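Two complexes come next, and they have one chain in common, chain A, joined by chain B in the first and chain C in the second.
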Partner chain A sequence: MGKHENMTMKKTFTLTFAALLAFGATLTASAQENPKVIRVAVSGAGTGGKPASSGSILTTAHQRGDLEKEFAKDGIKVEWTFFVGAGPATNEALALKKVDFASQGDLPLIVARSNGLRTRIIMKRQQFDKTYVVVPTSSPARTIEDLKGKKWTVQKGTATQLVLNRVLKKFGIKEEEIKLIDMNSDSQTAALSTGDVDAALSSSKDLVARGLVRRIYLVDDPKVNPPGNLWVSEEFEAKYPQIVQRFVSALVRTAAWSADEKNRDEIFRLWAKSGTPYADFKEDYKDTALRDRQNPLLDEYYTTFIKNSIAEAKEFRFIRRDVPFEGWIEPKYLNTALKEEKLEGFWDEFDGNAVRKKKSGAK
Partner chain B sequence: MHRIPIFGMRGIGLKLSRTEYEVAVMSTLQSIEKPLSLESVEARLPPLHLPGQENILPALRRLAIGMVFPLLLLALWKVATVHVWLPPQLLPDPAFVWESLKEMAASGELLGQALVSLKRVLWSMLLGGGSGLALGFAMGLSPRAKAYLYPSFSLLSQFPVIGWSPLMIIFFGIDEALKIATITVAVIVPFAVATYKGIQNVPVKLMEVGRIYGFSFRQTLWHIALPAALPAILGGVRQGGMQAWLALVFVELLASSEGLGYLLVYSRNLMQLDVVMVCMAAIGLIGLLFDLALTRLEQHFSRLSPKGY
Partner chain C sequence: MKKKMNRQFKSAIGVGLIAMAGGAAAAQPTADELLKQIQALRATVESLQKQVKDQSESLAKTKEALPTGVEYATTTDLDGLKSDLEDYKYSVARDRQYNTALSTRGVTIGGTLTGSYTASTLPSAATSNRPYGTPAENSFNASATLSFAGNLYKDYDEGRNWDYKLGLSLANPKFANGAASTNSPAPGDSVIKLTDVYLQYSLVKSNGGLEDPKLTVTFGQQKIPFGLEAQVSDELKPTVSTAQFLGTSALSQLGKRQIGVVLRGDWNPTVDYGFNYRAPLIEYAIGVVNGNGDNTADDNTRKDWLGRVAFTLPVDYNSPFRELKFGASYYSGWKVLTNTANNVVADAAHSSRKGIDIYYNHNPIGVTYERADGVDDALLVPAAANYRGTQPIKSSGQVLTVFYNFGDIAQWSKNLNQVGKYDDFWPTTSQVYYRFDRWDPNVYAAKDEIFKGTVGYNYFFAQTTKLQLGFTRTTYPNGSGKTSASDLTALFQYGF
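Our next item is the complex of A and B:
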């Protein structure tokens, strides 16, 4: 065997080896780069458990198929789950690693973190919701004080429970002074209409129109009604940061579309597919700008609210362990998206008291 | 010489010689005509237990054997938490559950919720038990009542409690009435069936004696039917008690603001699976105690009841 031949063999070997290595690297890299499917959970479902929801940037994106469009080019599927069991059900799915992105109310979000589930908050879904304290039409109650000692219903463990606690606190009523019954929203409607419960929180105009309930108090306090949260699991974020970025960017584009007043009717029509009637949204948004409520910013209002919610969750003994706030909110994806889409300064920031901050121009 | 183990006697290590074996087989064969067949063999056996130990040792042994499976489960649970086979949020460490149990017991929370649930069960046992007994006696004693009631009764008893719940909510709302009514329905069937069967099995001879003596309906009921059917009825009480606990948990899950079943669901919503497990343990334990007490009562009365022969 000549020296030359030997050299060639060595070379061939090295080359083959290098090629194999490169191939392997590509394989692992592509496995790292793209998941086959993105699993999005919405904590709540439409009427009768319909797989749809309303009121937020995420649900608009769901109805328009914005995320599907964004990821279709890479063959990534977007899988949606709508949990009738609301936030608590999302938490169980998160613990079982069955969710990558999810929308959730503040209480279950905090419960999850106090139990060591790892999430990163990446944007706000919506804010400044309105809700009402409603009673059966036949009820003699006129004020919240009349409902002291009465039967209230709420889906326990959800953000609405915290809202109820805040409302009661505002009126100096302790939770022990009412009877609180755990029901999901469909059962609440049924129980209200039969007069089996005396009060609930509901934003539905439809129930009023059908003569089932009467509104006695409008909860329109941005320090009572929580902003909507959107998170990614830490595990997913660590594996696919570029997907998280594209996810947020796509939603920011949806948010910009949602902020455009000429789309008002269409947004409501899209949301109405969840079973909540169009008229409900029309009334709900009557005197507010879309841009203010379909606002994705993780501003001072948002962080203050979550910090307060943590304190309240502790005060009302919904959690037993501390919730570390540091590192929970991750605004970098949102900031990048705002920059890329040239939307810096497009949405107004609000301060801790939900007061509009003076425009400081682009950040 | 060969020593051949007799079938079924290996457990106590009895070995017999061939002749002894043949004798034993012979006497077993003879037993077909003769009652108390193994007498001859038993006479040769060494006493199995020392007097005085008869009740304690087997009971302890039974307890020990009964504990094997739960202990294995506990070990499996521990291993599963150590190796994190399930997320700790969903399967907490047994030690953590034990801590929560102690805490909840000390604060009185567990007892308070258990009492709420117990009260519901007791009311339903009274209502459902009472009507179940009446129904069972009616069907057992009067052929006419049976002809009228039995077909409908056997149809209605096919529905599980869950099947009743929508109708129950319409009739009773979601308050205490719903809980008690639902559990009552669950209790009636086993009570009525047991009573009816118990009376059916009252020895005909006894009933005939009653008829010969010209017993009134009341006398027949009090002096013949009731005492003779008592063990069976108590069996029904036990069944009913178990059904009541099952139904209770279901109905407290439905719509409630207190009780063990309620605490279970609420804790799940707050991801406090340790509390969920404490509630499960409490429900299981109360059910077990209930069952034990009733078994005891049943045994006590079955010894007292009159026999037909």
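Our next item is the complex of A and C:
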């Protein structure tokens, strides 16, 4: 083989290799343009394990098929999973790379972050929820103080546990001063019905309607009840930022629809498909504006709440390590969506104390 | 409102008529008086007409204020609803009485149905008919298990619960032409055996959450806490075959369920509520059992003792060392030695087993290794009557399994396996594995080891169903005079 031939071979090989690399790169790029499936996890399921949930922008979008409509034109499937095991189950799914977007309460979200799971919070799902401290009907308890030293039940690891800790703290009761029993929601219902536990947190009215429990305290404090979170995995965001944008934009449109009072009845009917009665939502939302509750903004109220939750999670020893806050909340998708949909200023912002900062100017 | 109007109208007419009747009975009224009466009546009628008009307008306004398309429920509608509800209540009560299986205590019924096919290049029975071109042995098999488990006492105060389990297994003889032993049914029959039969009591508080240490005592027939594979229930076994050292002719006490009392506990768990993860730093177990296997009375007066301790690295869920566990087990017991000359019990000989194990299951990858060594006193001359001299026989087994999961992986996670669904939930997970299994029945004897290398593929679909394929190559040391063999096993199992 002559020198020339050798050179030609080398050149041919180099060119071929370069072409293959370029082809591979093109393939990779095109393969990453769009995912085939977007996997959305909801931390919780409806009554009796129904694949449905209620009370937020995300669940409304699920019932209306808003995300499916958005991505149908590209042949992208939206796959929903409703984890009965709530936030902790969603965390395991994230650790195993089985979920791209998810809704969660603050405690599991924070624990996951402290454990190194990488997420970006892209919008709020809802805020200013209400819940009640309930006791069995036969209970002599009339106040929270009466429940000192009694058996409380909560599903540990969920955001409700942090709410309970906040309620107890508000009344100067330490966790050691009550007997805390770990139960999922179905077991809680059974134990409350039979009077085997003394108290629980519950927003549902069904046990009240059946005469099995009494509500003794309304937890209607926006600094106690956490706002709902929605995150995307960092891995998905890095691969498909354009999909994240479309996802958020679609939900912002859903949020705008959800803020319209003329849809109040329809929203409650949609949510009632989860098994929570229509009347519960009607009562829960009485005298409150949909626009305030179904508010997607990552405002000062939201960021302050999450920072406080991190501190509380440490105080109540749910986490040992620090939670890096910097870069966790990513508002750019929401801001772009608000601009594109001409919804800037549509929702009010609230300050760290949940006080309205600015009256909204609906456009 | 309408009723009220009617009442007022009738009252007015009544007053007028009474007035007229009264007048007629007394004296004839004058024209003026009659005129006044008529005027009074007219005023009353006009007042009533105004009321009717006002109320009609008010009703019209109310209707206008309400959203269009809204329909109102009437008393008849509500009566219909009440009727439907009563029908439903009756239907539920009747179904419960006649068409629902009832139990005196809460019970969960579960089980598995298994169909399998095995082909081997070597016959297992001496008289295997082998048409030309077929494997030496190939057979379809079927088996089933059934279990009833529940709670006898639920202690809401502290979680010191009483639980129970009853398990049954049903199998046909492996080979229709196999030699029947005393416990085997005749070909064509099936055998039903009790498997798990126990009561379990929590000795410590257990409802405070994952951070509570556990301590239970279990009475009855149960799997024993030795090593890894001896404790795993059939539906969770990754491989079709069990480790050789658990076989019936090997360290047999370990592979069988035993009847006795076992205390199991743990201490200082690492808890990660963010994932419902719990990994006790120390797990321990200690027990006393008959040592003669399941559904069999003890054959000697001495009891067998066993103990196990395991250490799991105290790391969070997301650590790469999650679920890295090291364990050590010990079993000491007695078994009857019978000479083969006249089948007379010669002695109760001592047996001991020592085991170590390593377990690492960091989804999606996993590695398990365990080694078990046994020392069994055996008759020096089994064929001699009235001779009781014994010698220790040492045996040793090792099993290494490496596996990798891919797909939904829901079957391996309680969190992921419980999702809200209207229809059936069919997560799919694949698992590939390799297993190396070495068994040396007598460490002092040369060239009697058996090596089994297995590659397998498991396909899990639905929540409780699996298809397993395994190809095993069995080899022996050079010069052992034994022929290597290959086996192919396919197993389909679904749980309910």
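Going forward, the second predicted complex is superposed on the first by the 332 of 363 C-alpha atoms of A that agree within 3 Å, B and C clash if a C-alpha of one lies under 4 Å from a C-alpha of the other, contacts with A are read in each partner's own complex, and residues count from 1 in each chain.
What we mean here is this: a residue touches a chain if its C-beta (ideal position, glycine included) is under 8 Å from a C-beta of that chain, and two chains touch if they have at least 3 such contacts.
Worth saying up front: this structure is predicted, and the values here are computed from it rather than measured.
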Based on the superposition on chain A, does the combination of chain B and chain C result in a clash or a fit?
-> clash
In the superposed model, does chain B or chain C contact more residues of chain A?
-> C
Could you say whether A:136 touches chain B, chain C, both of them, or neither, answering first, second, both or neither?
-> neither
Report for A:55: first if it touches chain B alone, second if chain C alone, otherwise both or neither.
-> neither
Give one of first, second, both or neither to describe whether A:82 is in contact with chain B, with chain C, with both, or with none.
-> second
Touch check for A:296: first (chain B), second (chain C), both, or neither?
-> neither
Name the contact category of A:197: first (chain B only), second (chain C only), both, or neither.
-> both
So which chain B segment collides with chain C once the two are superposed: 21-29, 201-209 or 291-299?
-> 291-299
For chain A, which residues belong to both interfaces, chain B and chain C?
-> 88, 91-92, 95-96, 111-112, 115-117, 156-157, 179-183, 191, 196-197, 318
Across the complex, what residues on chain A touch chain B?
-> 88, 91-92, 95-97, 111-112, 115-117, 156-158, 179-183, 187, 191, 194, 196-197, 318-320
Complex contacts: residues of chain C adjacent to chain A | 156-157, 159, 207-210, 272-276, 316-318, 363-364, 408-409, 413-416, 418-422
In the complex formed with chain A, which residues of chain B make contact?
-> 87-90, 169-170, 173-175, 255-257, 262, 265-266, 268-272
Chain C partner contacts - residues on chain A that touch it in the complex | 45-46, 49-52, 81-85, 87-89, 91-93, 95-96, 98, 107-108, 111-112, 114-117, 151, 156-157, 161, 179-183, 191, 196-197, 318
